Each structure stands twice: as structure tokens, then as C-alpha cells.
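What follows is chain A paired twice: with chain B in the first complex and chain C in the second.
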Partner chain A sequence: MSTVQPAQEEAPQKTSSWLQRIWRNYMLRRVAAALFKIWIVITLTFFIVRLMPTNPIDAYVNELMDQYGFSYEEAKDQAAALFNIDLDSSLWDQYVQYMANLLHGDLGTSYRSKGTPVIKMIAKFLPWTLFSVGVSLLISFTLGILLGMIMAYRRESLLDHTLSALASIFSAIPNYLVGMMILVFLGVQWKIFPITKMRGSMSPGMKPAFTWAFIKDIFYHALLPILTYVLTTIGTWMLAMKSSTISTLGEDYITVAKARGLPERRIVTAYVGRNASLPLFTQLAISIGFIVGGSALIEFIFVYQGVGQLLLSSINTRDYPVMQGVFLVITIAVILANFLADFVYGWLDPRIRI
Partner chain B sequence: MESLRRTFRLLTYNKVGFIGLLGVIFFVLMAFVGPYFVPLDTKTKVDKIYEPPSKTFWLGTDSEGRDIFSQIVHGGKDVLVVAFLAGIISTTIAVVLGSLSALAGGGVDGLIMALADIVLTIPQFPLLAVLAGLVKFNNVTLLAVILGVLSWPALTRAIRAQVLSLREREFVEAARALDLGTKHIILKEILPNMMSYIAINLIFAMTAAIYAQVGLVFLGLVPFSGHNWGVMLSLAWTRGAIFFKDSLWYIMSPVAAIALFQLSLISFTRLLEEIFNPRLRTSV
Partner chain C sequence: MAEATQTPYTLKVENLRVSYQAERGKVKAVRDVSFTLQKGETLAFIGESGCGKTTLGLSLIRLLPTTAAIEQGKIIYHHNGEEFDIVNLSEKQLRRFRWREFAMIFQGAQNAFNPVLRIWDQFWETARAHGETNKRHLRERVEETFRLVQLDPDRVLRAYPHQLSGGMRQRVLIALGLLLKPPLVLLDEPTTALDILTQRSVIDVLRDLKSQMSFSLILISHDLSLAAELADRVATMYAGTLVEIATVWDAYYRPLHPYTAGLIRAVPTLSGERQDLVSIPGSPPDLISPPTGCAFHPRCPYATDQCRQNTPTLIEAEPNHMVACWHWDEVAADGGARMKEQVEA
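Coming up: the complex of A and B.
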């Protein structure tokens, strides 16, 4: 092809060859795209957050006047003492400063909890969201796949119809309403769970350590959020797995496997299960982002100290650096989840391995 | 008469779907016609706090002794209007951008898909929580616009894929061979074949809008007041209604209203699927 081209065009091609090589490398391209997306999200949130009505100082002044009965002058003096932030420097300067700090791994410090680095606050809250959401996804995904397969094998049976109905009902109702019903019925009306004791992410005075008591405690506190997440997400997995299994059962290789006289257990796990669950892994990535993003509502209801709670309190106090930090972390979680899903997919399905 | 009976048989063919349709009709009537028949009870009655359901108070009374049923009747309109508007906005954007992306191809396609990719990456609910601050007091339309403008990407991708596949079908090729023009091909050949998909996704978009708007109002991030299921939920919550045995009806009425409406919508999609897709029917 290049023999026909005039000689002049060859020089610019060489200079951009390393760019082309990056472009051709799939992994590098994905990483570059991910970094670009993160930058876009940081920039967007930086400006959106500052467009919100009421700035952090006014939010604090209002709070002092409403809750502690301060007069406007008193509240303003108090606020001026707390905040030494310069909201008057131009938005662009603030943005350049923020990005420069970010490149050094500095997420800034909280306006409200004066001097506390945002990264420390996130490190305190994020593990609990990841723990509760991660455990829930693990449970609902595996259980959903198992039940979905059973439903496909026993289709049109009573079990299938009951599970199908329950699955559609629970996936149609918003998760925070399910959480509320759990709280109202299991907690207050029937008194099965002592909900006031289960608040928070662990019991007061509990020291994080790798002990049985600690593990029991954190699971106890995360129990109701996990129950809510599992109930509201398992239906989607069940129904998706059911239809996927039914179509897999019609494949030729299943018939061949049966004709070869392979043991039923091997057919169910290695042939049907593995192939039918493949399409669900891409959905898994999307749902991780959705659940982490939507955790604010569930954590608010169960007073669970996760990143959603942190986001809510920072929105209410207009704590810009904290809000942005939370956005950044959730966005990175979503992008990492996508990477992970691709990786797992490639590992499960050798046909698409790169 | 015969056609009417056939229509009815078609509607009742899928029982779950038909119940869903009845549910949707019920909620729409209650929200838009109901307020003319049920006056809103705003009088505080100290001696009637947290009464159980009775003949006068169908769903009991709230923390100030006011009738809950009248609040439920009056609280549906905002929720339904926001859901419908947001659904229409996001579905329209998705259909236009998706078709454009598939038909124009090249740079336009790349740009739209990149944009969809970025919007999908931004955590939706947190972004809504921040943008909700822009909504002024009881501004239903602005809330619907914000919800609609952020939730188009997934459907846009799906529409693009559908148009790409429909474009290669024989009937579209035939239309192209007959030189019927792009407008005819899009509006008369491709769009009608996607109608069921679009209608069902409009309903899904509505349920997503209900999820988000009630959630935002419940968290107190949207400065709504007055009578709205989300506001009721938020008030019941802040007044500590979950902690009393007697206040069960106060907190559960809006929960049930929202949950039942969502369920009706989802069940209704099953009926839509069968009406639009004759291949799913076994006999009518």
C-alpha cells in the first residue's frame, strides 16, 4: 500500500508511530480512555458543585442560626473564624489549583471538619460501603445464578412461578422502600431486630482487628443493608440467569455432552452453568456502579456510616472538597468495576481472550 | 362490536399485564380526578393523632390528626407528572441520538457514543443529588428535565444497535431501492418496528424517574413541600413515625402507593410486549 504513496507523507507517519502503537494496544487504550473519563468527571463536578445555590459559609451560617439560635452577626463571625477559604479567587484559579494538588494525590481538606484531609475521611467511610455492597453483590449474584438455573431446569413448575413472581415484585419496588419496610416491620412492629443497636458500621468501642468478635460485629451491623441490597437485586440475576440457561440448554454442545455420556453434574456446572452465566458478568459491572452510587439512600435509612452518608452530609454543608472526593472515588469504583468485569469475562470465556 | 371484543380479549390475554394496566388507570384517575372528589384535610386535630383506619379516615390519621387518605389522593399528581415528563424527555433524546448515531455513522456516531459513555460513568444518583439543589421550590418541570437529561445513554446505545440491525433488513433495502427517501425510511419503515421497544423503555424510564425523584425528595434534597408521596415519606420519617406502633399507616401509605404504582407499571410492560409483538401471542 505504501509504495503508491508519495515520499513526503512518510515523515509525519513516523513521528506519530508511538501514538499509533499505544492506540493499537488494547489495554493501554482502555487505560487512556479511563483516565480521560476520570478527568472529565472531575472537571464537571468541580464546576457543578460550585454552581449550587448557597455556598459553604452561608450553609454554616444558616445552620448556626437555625439550630443554635445565633444571631446573624454572631453566626457570621463564627463562620469567618472557621473558614479561611478564599471563595473569591476566580473559579479558574481554584480549578487549576485543585487539579495541581490532585496530581500530587492531594484531595484537599474538608471545609467543615477543619483541616481534616478529604482522603482520610474517605478512607474512613469507603470501606464500609465497599464491604456492605460487595458482600451483598456476592450473595445475590451467586444465589441468583443458582436459583435461576433451578428455575430453568424446573420451568413451568410451582417453584418457578413463585420465584418468578417474587423476583419481579422485589426488583420493581425501589430499594429504599424495601429497606423502610424491613425497618418498620422487622424492626418496630414485630421487634425481630433491635434496630437502634444495629445502627452504625460497628459497635461503639469496637477496635478493628482480625478477631472473631470484630467480624461478627461488622456483619451484625451490615446485616439489614445487606438484606435490602440482596432482596432488591437478586430478582434481576435470577430472571437473567433463567432465560440465559434456557437458551444454553438448546445449544448443540449440550446435546453432544449428553450423548457423550458425561456425568450430569459436569454438564450442569462446566457446560450449562459456565456458558449461561457469561452474559451476566457484564451486567455485574454496571450494577456495582449503580449500587455504590445509590448507597446514599440505604445508608441514610439504616444510619450506616458509608460513603453515601458522607456524600449527603457534605451536600448539606456544601463541603466542596469532600463532595468532589466522593464523586472521584465512586467514579473510579465504576471504572475499576468495568475493568474487572472485562478481565473476569476474558478469564471465563477463552474465546474472547486478547 | 366485534372489534371491541377483540380488543378486550387482547388486553386481558396476559393477566398480569392486564392487572398492571388496571393499576395504572387507577392511579392516574386517583391522582388527576380524585382531588375533585376528596377534599384535602389540612385541619390539625390534636385528639385524633395516629388513629387507625376507620370509616371517616380510610387510611387513618397522621401525626397532626389529619386524614392520610386525602393526602395520598392529592400527593400523586406531582409524582406522576415528573415521571411522565422525565420519561418522555429521556426517551426522545435516546431515540433521536440513537437513530442519528446509527444512520450518520462516522464522527457523529463516535461523538454521541463517547458522550453516552461519559454520562454513564458519572455516578447518577450522587450527581442528581447535587443537581437537585438547583431545583427551586416546587418546580416540577425543572426536576423532570434534570432527571430526563441524565438518563438517556443506556437506551441510546440500545436504539443505535436496533437501527443498525433494522437498516440491513430486506424491507428497508426495498424501500431504499424504491428511492422513498430518508425521511420515509426512518419514519415509516424503521421507527414503527421499534415502537414496542420504545414504549416499554418509556415505562422503564418512568419507573427510574420515580425511584430518583422520590429518593431525592425523601432525603430532603429537593425543596418540595405540599402534597406529594415523597414529601409525605420524608415528613413521616423526620417525625419519627417509624418508631411508633400506631404510626404504621402514616409511613406505610406512601410506601404502598409508590410501590404499587411501580409494580403496576412494570406489569403493564408485559401487556405492551404482547400487544406489540404478535409472535408472542398463542391465540386471540
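Coming up: the complex of A and C.
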């Protein structure tokens, strides 16, 4: 009897499905949830993209007629030669096919740049967006936190009022307007920046290498997009950090830290700064997604070859596989950023450590 | 009195006046408070909420919020033959003075620790700020203080503040306060926000510590039983002024100020005959424009025209028993019985 009983107890554990096991493991649960979210977004974009008025062929035909003066018949023949896609298969079949390819890591090929795999196009454009957006986020976040703390320490001073006003104004203006203003005033009217030379993501003939010349060059070309992103996002960080710092300064542990005779520098960094910036890290993750999505217009304005520009041109030509690919990348970026934020947050704040 | 001046003192406060700047005007939170804390003595400040106890405590260690200021007065600190006025210390001198010489253990220890640092790190940074460089040496001292407050150093030092219970946090804060063996300690409502059993253990710890270590203690509390257990003398505060300073025995059994008498009647006793609990009628006065004369006169059954017009000063009515009341002799004669009659009438 005694040898049988443990076996009986083990039995329900063995029969417990793999789904339950995933549910019990926090990490696996997170990964499963992330995959589920990605699938939802892929499905939605697949259908929404196809719900847009005009299809890739019509878009191409119209373009040929408008730009090159083709007659409708000529344009149609030209288009037929370019696109040999089977638009007869049902939407459902296309969806199943697309998902099946995706599972093999195949994002399809571009309709317009004939035969170019979408993954290759994204690999070419994405690094520039990640670079420009990442650098701006880093600058804007750290600078915003510093300025926000200064504002909180000097609250009600002239400096605080000026910075608050500027922060509100810049966070209220859409980034493409700021981009256009930079282009028009700093570039064209006052000629501070040679915008034609700054176009693109690097100078022609520049070879990617880990050299000072290359690093200087890519920063030079990314300067205006970075300036725009920083100007339009720093205000939110400043204001959030200011209010967070003010409430942290009222905490008992700050008074106690002073009573303990800790050096002011230590209180500002380890006590006020660290605790006040905690809630901002959650916002940071969310903003990563937004900024990648919002890069389209900025990259268009400054002719910067990032994934945003790729998205914009693929929308114009109704290049479905490219659009889907870019959306997929943005989705993954947001989900990864959230993932990362949870870990960073847990590392920074022991109270929510799992 | 002559005897009192001869014994060495730790803290001598003279005519201290502290005000907050509010929208409606100046809030006179501490008004001309003078007292002397003898070496090794425990002095308890009691009074209702809002009577200026905590403001007094914060001003002693110069931690008042920016809206408040010390308008006048001296806070003379004396230790090992050296004496200086805390009011005149620079920020740099203050930083070194705080905790090493004068540790303030706050009310609401629940939130007294930085939530993102381990307890050990907070002990270490405190010691380092006051010149400690040897971690092992500090560890030994921390373990010694932890034994005094009955905490397990291995477990607690590794923990983050949120992993400790309220009572443990209070004891950790007490241990941190005594870490540098300061000659002067201020305890502000050390048992508030703790349940009754935890309060008991904290009080026991405090009493043990007092008998084992020789520090002077200022205790701020509205808990009269806590004051009775720990204090040598009791100072009663009302509307920002000191109205009575007496030994614990005198304060409880022979109060000379009607307000002290009222406070004691508002507390139930476990032993002795059953008495009706009496609360003091009325509410504490507005500190922006306090009543003329004695601030307590609107609530006082002994009040006369003299009380309404002239402010009584703190006088030594009986040996080692100071009171600020025109009619202390009447209170002494009837034991403050009129405080009770007033309610019944």
C-alpha cells in the first residue's frame, strides 16, 4: 500500500497539461502572453492593411500615370508584368499562408522592390531608427530627470517657471511640426544647418566601421532627428520628474536622512533621485514604442533612412508585406521594451521584486 | 533651583520662538519655551496634537520645514565641557552634529527608511557619514545594538525595509539612533501607529536601553502612560507654550496647572477606583491669533479677569515644580477637581 500511494499522488501532476506548467512559471507566462499579443497584432494589421482604400496594383498604376504620363492601358500592362501575385486566392488563404511563412521566419518579399525579402529591407533601415531614437531617448530621459529635479529643488523660482513653461509648450507641439520648424528656420531661413548635406543616415561613400570618422558622421546625420525627438519628449520627463521629486521630498525618509547627518549629495542621489525616478521607468518603456512608431514623419522630413521612412513609402505604394513587417517590428519593440522595463523596475525597486 | 544649576546639563533652551508662515498669517507654533535637560535625564513633553511638541522637537535639531523659522531664542548644547548654540550652527556643522551628538527618532518609523536600500546599507552610510571606515568594526557595533533592541542582525540587516514588520522597523530605527552612542536622543511618538503588544515591547526595549546606556532623552508623546513609564520629568505644552514642568510623580498626583490636571483625568486607569473619564471641553486655540492672557483661559474653570488680560510666566511654585498659572494654588488645593465639575455643570 505504502508504495502505491505516492504514485497515486504523482499521477495528477503528470497529467497536468503543459499549459498549466507554463502558467505556473512566471517567465514562461510572460513569454506566452507576449507571443499571444504579437499574434493579435499581426492578425489585426494583416486585415486592416488590406482594408485600406486602393490596392498595390492600383497604387502603382496611378503612380505611373501621374508621374510618367503613361496611359491607363500602358500602366496596367506594366503593372501586370511587375506584380505576378495571386490576388484571386481568398483573404483567409492569404492569411493562413502568411502566418505559415511567418512561423518559418519568412516575412515575405516586397511587392514593389521586386523580390527583395522584407527582412532584408528592415535589417537595412531599422538600425538607423534604433540608433537615432535610442540616443534621443537616452538624452531626453537623463536630461529630463536632471532638469526635473532642479525644478523641484528650486520650485517657484524664475528658473522653475521658465522651464515649466518651455516643457509644457514643447511637449504640446507635435513632433513633425517641431521638425518642420527646425527645417524651415534653422535650415532654410537662417542657414544654421546645411540640411542638404545632413540628409540620409550617413555621407555617401562612408563605410560602416568602428572609427571616429564614422561615428562622427552618423551623429552628424542623425543630429536633426535627434534634436526633434529630444525637444518634443523632454518636457514630459521634466514635468513628471518634477512632480515625482516634490512628492518624494515630502517623504519621512528624506527628513530622517537629514537627521542622520547624511551628506547632501548622498540624499539627492540615493534618496531623492532614485526614489523619484522609479515611476518614470515604466513610462520609459511605453515611450520607446511610441517613438519608434512616431519616427515616420520625422524621418520623412529630414530624409533619414530609418524604418519610419520605409513604413511611409510602403504605405504610399500599398506594399503589404513591408507594412506588415514594419508593424511587426514595432510590436516586438514595444513588447520587448515592456519586458525590459519590468526587469529594470524590479531591479531598481525591491518592493516589487518577484 | 540652585541645586539644578550645579548639575551638568545636556540641553538648555531659552525663550525659543518658532513660527510657520501660512496664508492667513504667522502660526506661532512654539512661543517662548525655556527648559533645561539635565545630563542623563528623560524629559517628556506631553500635550494635545497641534500644541507644538513636534515643532519644538524639529527646531531643536534644526530640521524645520522651509516655511518655518526660529525667530528667537537659544538652544545651548553641552557635552564634555564643550557648549554651543545649535541655532548658530552652519549647515556643515549641523550635518556632523546630527545623529552623532543628537539623534532624533521620528514618529512614523514605518516610512523612516529608504525603501530601495537594504537595512545594512543604511546603517553603513550613516556610520560612514560620521567618519566610520571599517565595515567589520561597524558590523560588531551593529550586532551589539541589535541585541539591545532584540533583533536578529543576520536576518534584519539583509532585509529591505518593506520586509520588516512595523514593530521591527521601529526597533531598527531605535538601534540606528543609538548606533553612534549619541549623548542626546529625541524620541517623537515612538509607539504611535503600533499595536498594543508591539508598543509594550518597544517600551520595554526603551526602558532597558535607558538603564544600560547613559544618554539624555527627550520624549515627545501624547501617550501619558508612556511618559509615566520612561520619564523623570514631564513638561506639559499648551498652544505652543510650556505650562508646567514637574517630576513624573508631581505631574500625575499633584498637577498645578488645570490643563495638566485635565489631561490626566482624560486617561483611564487600570487599578484603583473607577473614575469617570473627563475630556477637556473646547478645542485647542488658533495659533495664528492665540487668546490674550493665558492661552488656556477659554477652556479653564479657574479663569478670572486676570487670566484673560495677563499672561502668566513659568514660576517655580513648589521645589522643582514649575507652573505658568495665576491660580496654581487653587488647583493644588482641590487637585484640579473643577476640571471635572465643569463638564458636569
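Some observations on this one:
One rule holds in what follows: the second predicted complex is superposed on the first by the 335 of 354 C-alpha atoms of A that agree within 3 Å, B and C clash if a C-alpha of one lies under 4 Å from a C-alpha of the other, contacts with A are read in each partner's own complex, and residues count from 1 in each chain.
Heads up, the rule we're going with is that a residue touches a chain if its C-beta (ideal position, glycine included) is under 8 Å from a C-beta of that chain, and two chains touch if they have at least 3 such contacts.
What you see is a predicted model; the values in this text were computed from it and never measured.
Bringing the complexes onto one copy of chain A puts chain B beside chain C with no clash. Rounded to the nearest 10, the angle at the Cα centre of chain A between the centres of chain B and chain C is 80 degrees. Using the contact criterion defined above for the overlaid structures, shared-chain residue A:F327 touches chain B, although it does not reach chain C.
In the overlay built on the shared chain, the residue A:R274 is in contact with chain C alone; chain B does not reach it. Of the two partner chains, chain B is the only one that A:I315 touches; chain C does not reach it.
Contact with neither chain B nor chain C is seen for A:L146 once the two complexes are overlaid on the shared chain.
Residue contacts after overlaying the shared chain place A:D349 against chain C, while chain B stays out of touching range.
Of the two partner chains, chain C is the only one that A:K258 touches; chain B does not reach it. After superposition on the shared chain, chain A has more residues touched by B, the comparison being chain B against chain C.
Figure legend note: chain B and chain C, brought together by superposition on chain A, show a least Cα distance of 8 Å.
The residues of chain A lying in touch with chain C in their complex are 251-253, 255-264, 266, 270-271, 274-275, 278, 348-351.
Every residue of chain A that touches chain B in the complex is listed here, in rising order: 37, 40-41, 44-45, 48-49, 51-54, 168-169, 172-174, 176-177, 180-181, 183-184, 187-189, 289-290, 292-294, 296-297, 300, 311-312, 315, 323, 326-327, 330-331, 334-335.
If you check the complex, the residues on chain C that touch chain A are 61, 63, 94-100, 103-104, 106, 108, 110-118, 125-126, 129-130, 160, 162, 173, 176. For chain B in complex with chain A, the touching residues are 117-118, 121-127, 129-131, 133-134, 207, 210-211, 214-215, 218-219, 221, 233, 242-245, 248, 251-252, 255, 258-259, 262-263, 265-267.
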